[in-house]
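In what comes next, chain A is part of two complexes: it sits with chain B in the first one and with chain C in the second one.
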Partner chain A sequence: MANEPKSTFRNDARAKVSGRAQYADDIRLPGMAHAVPVYTRFVRAENLRVDASAARAAPGVLGVFTAADVPGQVRFGQIVRDYPMLAEGTIRCEGEVIALAVADTRRRALAAAALVVETADELPPVTDPQAALAAGAPVVRWGGDDNLANHGRVRRGDAAKVLASCDLVVEETFSTQAVEHAYMEPESAVAIPRPDGVLEIRGSMQHPFSTRRFVSALLGVSLAEVEVVDTTTGGGFGGKDDTAAIVCARAALAARKLGRPVKLTYDREWSFRESYKRHPYRLRYRVGFSKDGTARAAEIDMLCDSGAYTSVTPWVNWRSTAQCCGPYYVDAVRMDIRAAATNNVFTGAMRGFGAPQVNFAVEQVMDIAAERLGLSPLEIRRKNMVKQDGLTITGQRLDTHVVSLGQVMDTVVRDSGYEAKLARCTRGKARDGRLYGIGLAISYRGASLGAEGLDYCSAVVNVQSDGSVLLDAAIHENGQGAESVQMLILAEELGLPVERIRRQRSSTSRIPDGGTTVATRGTLMGGGAVAQAARELKRLMAETLADELGDPASIRFEDGRVGVPGEPSLSWEEAIARMYDRRVYPYAFGTFRAPPVSWDEHTGQGDAYFTYVYSCQAAEVSVDPATGKVSLLALWASHDVGRAINRPLTLGQAYGGMVQAAGMALMEDLAQAGGRIGNRNLDRYKIPRARDIPEMRCTLVENPDPNSPTGAKGIGEPAVELLAPAIANAVYNATGVRCRDLPIRLDPEDLK
Partner chain B sequence: MVHEFQYRAPSSRPELLALLQEHGTSAKVLAGGTDLLPNIRMGIAKPAYVVDCKRLPEADRLVFSPSEGLRIGHGVTISAILRDRTVRERFPLLAEAAHELASHQVRNRATVAGNVVNASPCSDMALPLLCLDAEAVLASVSGERTVSFREFFTGPKATVMKPGEFLAEIRVPAAAADRKGRYAKLKRVKGHDLGIVGVLLASAPDGLRAAVSSAAPTPVLVSGIDASLDAQAVDALVQKAIKPIDDVRCTAEYRRYMVGAFIRRLLPEVNR
Partner chain C sequence: MTITLTVNGVPYTRDAAENKTLLHFLREDLGLTGTKEGCGMGECGACTVFLNGRTVNSCCVLAVEADGASIETIEGEAGPAGLSEIQKAFDRNHAVQCGFCTPGMILSVKELLKAKPKPTVAEIKEAIEGNFCRCTGYEQIVEAVLDVTGQGTGKGRLDHV
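Up next, the complex of A and B:
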């Protein structure tokens, strides 16, 4: 592209570092009331009765609302409408809210909440997914006659038969844990009943349009009667969908009932207690290899805990299905994944979305097989990885983009000095009192939603009469820098400095639903829509001004000028003034529709995603044999992101993802027992701190994707999905002990 | 924070003691507040009166004299311990433990007195105080008494202090100056964290001492250990004195194992 793109920009940096960014909890309005949730005492119970009379009589109380006060649907969900926004009849997990106490101050609302009386018939909770699926288990799934929340499958060839003829069959069982998103800002919402009858929501959330669906369901009003206005959001990582939306819906209920603005802000304990977690998986792999290392067949069974409600479990499982063999081609695959409903807090979307669990298994199986066959971990990966114009296990031919798995792996191998370091691994024999190891993992990740859902997004470019530009797009800023990327893309397309552009504050009433800000689709889909809108605007301007500037097809928008190269041109401002003179609005609406995908859910075959991100990460560790503690010495990554539009933010995503993955690998563990979470705050639920993280290096690989309007693919989720197995492989190479369960815990007795 | 309380900030010791006498168990002393405030917030402590002790003129006194030893006022913070040159040079065990306690921010507020009155089994400061034969000076309207830290802790979050009593000062005898030792604390993360288990090994005139945190209802001291024993024998002695439990942070078995691992690691350093 002719315009030298500016690649470092952040529209919200100044506001955030100076503390002026306005988060939902910062909003204060005249007459605003404060709501707080009242939690159930139970994990599983029936015949719930809630007596709020004492609470209603408490000082300052404006209302105490229960399911009985809901004008619309109490239950809602993204796939199955099973989640009770206020508990009704049956309690299925400790995160259920039985009432909402609203008072003139938060303190008085909290005091009133303590006066709500709850009675119910308590039942023993079902908390083990295996037991939940056993015949005769008590049915805890809403509306079901068993606890099977989902079943996904792949059927490719006759895996059992091929396995029987393999030279080596690796049979391994792995488990991964429930993980909390631990976004910096807990859920918060302000609901404002407006004089025009519309209910306005400002809140911390991942997806304004998803929130709007929850609010309109609870209130029983149309989508047009709810306006969700973009509000600064302090992180989501996939975790600010259902629960954040429900928090908004509850604030909306109170606001509607009371006819005044209501704020509902969560503290960390409430957020831990109620919000969904990453799905814990149990994975059993049987993978057959021939002597030369070719993976020939796989039989795979996965079981995951969906918790008390469905949320997006089937979609999460679907990604685990399509990517069940990691980035490898295997000729014959039989894969089944089952999700069990239990009385644990529900599980849902989290950055990585069904891939980290699978990669944790696959990337260890590869190292195990390599060792048993006397091959290097690199050789076995090169032999089996998906290749240019080759097939995936779902039968998709990868011929529309550059397949760069080998390139990213070579990059990390080079950057990290992997081969020389591999030879120095201690394999259980401590050197100077320490054990040392290096390990790596590779992955591919289908970008965007794939066959999970309708995938399109829109953007609006509205040029003002002075040439300044307003941009709107249907991808939401979660703190990842989405708006900045959209602005950079527009600046580059129009040949303008980014300072000429303002990202307008979006709302659900101003732009069509562009799908959710998930699945590493923000830059790809949201940025793609911006590029399409810009191209639409340029087409309109070129055609309108052709009589003055010449052949519309030759007109360029560069360096603040509009014209055919070598011919007289107009400044951007002059061109815009001409547009207004001619009564043609320099306004464009652009849509990007993802190329078609396909899926057969009975065989698990089809073109799952329209493009893939290729990744490799490596970790170098030191293990203290006396304590079993693992220290990270260095981390490396390489990702083919298509194109890095905002380089520092792209790297920031990579590094942040690695830190999050290191937490999953080594420390994060929800202490769940009997359906109750024992560590509901960050003093007991440990996430990595700066001192736990070593130097990191990420080298970006850029093979622009022909199907992406900007060439960009994405980085958000690839960054988090493969470090845990890289660390596990490094730990094995250091200690000789294979860690099949997350988080990794070493027993010093095994290191003697 | 729903719990409401009355806040008092007396400016003299008699005034403070009178308040504590008057309100008994319904009053709590506020020092740095890094234990008290979280406990109030979580509903574990519900004092009707919170009596701030930091306005007393002698609160921050930290002085050493050969006759009286080291006197640590009730308001002396962990950071003040770390900053004090005499402490660093003559009582390095205190500095060593102080350095492991929480983060800069917390250390700037947290006091040594608050740490021991709070009497958590994982208290970092209890270990050097035990190894240094330190004493607590307890004051009340009826006078003062002095209790050795060996008798001070009676259970998890429990001490010999009676309602109305105030920890006025901590005294470390001059004879304990220059005792050397090494501290090892196992945490879940590398940054600041409460200990999973902690071991302080120090040499004293009567032999080796081992002080252990998070491995029994109170911090534990084993003294008079024959300095010529090997790590295994020292570990055997210590194992008899501790009584660890399983909790969210780890199992009793791992704690016992780690006490041994730390003794094996620290012993050569202390004997050097």
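Up next, the complex of A and C:
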């Protein structure tokens, strides 16, 4: 490659290691007031009445706001407008906020919050999704006449008929739990009424444009009257969308009412109580195989808990639908997924987005079938995995990119020594007092939004007269390193050192809405838009300078010079000076639109995604037969990311994803009973600590994707979606006990 | 009550409410916002600071308990010559993602290296056991510590059977 990219770079690391990075709660402004939420004491209730008179009279109180104070829409949502900014009439979960207390200090706001009096007619909560969908269940879905929040399906061939003729039918039921994102920074927002009439928002969020939609709808003002300014965000993992946006909207309401800056910072308990979780699923699989291991048919039923609001449940379910058979081709499939509205905490986007649940089931079904057919886990996977130019279960032909499922699996098998270790698994017979096992899982993951939504993104390259470059893009930095990737892509395209580029602080008023920073689309879509903007700039410069430099099509941008190879060239700075001399701005706007996709929601057939990421992960475990405690010994991964733009950050995504998945597999469990969350802080909701995690190895596979402007696909979500089944398979190979429910819990009685 | 303490070598005398945590005192009264609040109950380590030479969770210490104490926060880690060697190693090894745990993590590593200039991987993990990181999976943090202690960042054998 002519412009070898600098492969290790992070634009925000110096600020972060020195404590100077400014997160929302670090912002201090003159006259800034402090808001705190007042939570309902109910889970389900009607005829809500809020008396804030005593709170309003408390010392230092500037205002106590309820739903009656909302000038625009009280309810908002990305698909269904059912998430109340402030509760109105009905209480549908314990996370509902009935009022916002605002005072000159946070302490006084907290004191006032305790004085708000709430009365309502309490009703028994509906908390079991199965019961919620039963006939005659109380309807808790907002605006609905039943509790069915979503229904997705796949209809391909006659699955029932084919199943009847299969040599083996594996029938299994699995369940997965609600998982908390546990980003280290709880939600926080500062809203600032500006003299120009614009309400400025600085907050912790993944999606400035999504936040702007929430704020403008709730205040009843236009999008142009709200400006969301990029602020350092302390992690998101899918979790800083709806709730983070509504925290911003509440701060905005108070700021607008009081005409002064207002900060609303959540403590960890509030964050646990109100923020959405990963959807818990119940999954029933019936998969038919022929003797040689060919998966011929599947009947699949999934039920998930959507909780009190819809959020993005239909989109999460859609990914579970399109990927319901994991990375395997099955000729006949009947699949249904239903989501139930309940009075539990609502569920929404979390890294993995409907795939970890499905993979937990599918990848265990494959191991179970292999054992019963006398095949190795590798043989059965090789036989059924999607192949180059082959079909998916949605009828999509995979002929536009390299299908590398076999390659990534072979890589992990080689790196881990899987086959030799599989032979040494203890299968319930302890060796030296320990049980040992290895297990693996594979996946394919549709990149970006697919047929879930409109998929396009934009970037701006604005070269200054001294040759320094300002870059803006509509993908947000959540901590994953998106800005650094954008800068490296631009540096490579322009043949400049990355130090010449500054990623400007963006806002919703400076660049068009580029969609949300979700779905492993940051590098693919945001990076793609940067590449397109760079190419547009190069085209403009080549055409403008052709009379001096020669054939525009032959002009190259390499090593800080611009020109036709072998001909006289200009330095980058000289070329930029020429552009300004000629009154042609070296400025370009680039967009990347995802190639077309398609979907028939009645049959679940179509070209679901324009490309896929292929992955394999393996885990080695040791189990103490006396206690049932599972210890991780080593984790292995291989992902085909298309191209790793920033190699160490790509690996960092893989490691971090694996550890989140290990937490889901072994320890994380939201203790929810009667609609109330029992573990609302990190003391009782356990996430992995350093000593829980063994050494990890990830080998990147790079088959550049022709449909990606940079060749890159992504890594964020593939990394998190398949370690739980790999661990479950390892635990089985160690103990002979099949764990169908997450988190994995072993009863020592079963290990005797 | 009025308290007097030294933070990063600078003496301060301030009034502090008796129920105010050292964390909130540092952030709100002294404007030193590099120290973060992740849980408010001493579990996550984001609020780690040095108090008289030992790390503490500053959310679990009252400001009045720090009367007369010497405090070091992340703001004191970089010197006039720039970032400390630990900070540079975190940057170089991509031990930073969202950055919210980073200040506390760096101070826990600093305490480790005072006692053990060449820690093993197990000792590194023990030292950062009280600091949650949700982004990195800890791998590149361990690599940064191995790097700054001159032990390379090479992978081990990963052979467990």
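Criterion: the second predicted complex is superposed on the first by the 752 of 752 C-alpha atoms of A that agree within 3 Å, B and C clash if a C-alpha of one lies under 4 Å from a C-alpha of the other, contacts with A are read in each partner's own complex, and residues count from 1 in each chain.
Note that in this section contacts are C-beta pairs under 8 Å (C-beta built on N, C-alpha and C of every residue); 3 or more make two chains touch, one makes a residue touch a chain.
None of these values were measured; they are calculated from a predicted model.
After superposition onto chain A, the partners chain B and chain C occupy separate space and fit alongside each other.
Contact with chain B, but none with chain C, is seen for A:Asn679 once the two complexes are overlaid on the shared chain.
In the superposed pair of complexes, A:Gly235 makes contact with chain C only, with no contact to chain B.
Shared-chain residue A:Ala626: touches chain B; no touch with chain C.
Shared-chain residue A:Val190: touches no atom of chain B or chain C. Of the two partner chains placed by the overlay, neither chain B nor chain C lies in contact with A:Leu490. When the shared chain is aligned, chain C comes close enough to touch A:Gly19, but chain B does not. Remark: in the superposition on chain A the angle formed at chain A by the CA centres of chain B and chain C amounts to 40 degrees, rounded in steps of 10.
Once the two complexes are overlaid on the shared chain, A:Arg689 sits against chain B and chain C alike. When both complexes are overlaid on chain A, the residue A:Ala111 reaches chain B alone and has no touch with chain C. Touched residues of chain A were counted for both chain B and chain C, and C has more of them. Following the chain A superposition, chain B and chain C show a smallest Cα-Cα distance of 5 angstrom.
Overlap of the chain B and chain C contact sets on chain A: residues 683, 688-691. Listed in rising order, the residues of chain B touching chain A in the complex are 1-2, 186, 188-191, 193-194, 248-249, 257-258, 261-262, 264-265.
Contact residues of chain A toward chain C in the complex are 8, 10, 12-23, 25-26, 28, 181-186, 232-235, 237, 267-268, 416-417, 420-421, 424, 436, 478-481, 620, 622, 633-634, 636, 648-649, 651-652, 655-660, 681-683, 687-691, 693, 695-697. If you check the complex, the residues on chain C that touch chain A are 27, 31-41, 43-44, 46, 73-75, 77-78, 83, 87, 90-94, 96-103, 106, 121, 124-126, 128-142, 155-156, 158-161.
Of all the residues in chain A, the ones that touch chain B in their complex are 107, 110-111, 114, 626-627, 629, 631, 667, 671, 678-679, 683-684, 686, 688-692, 748-749.
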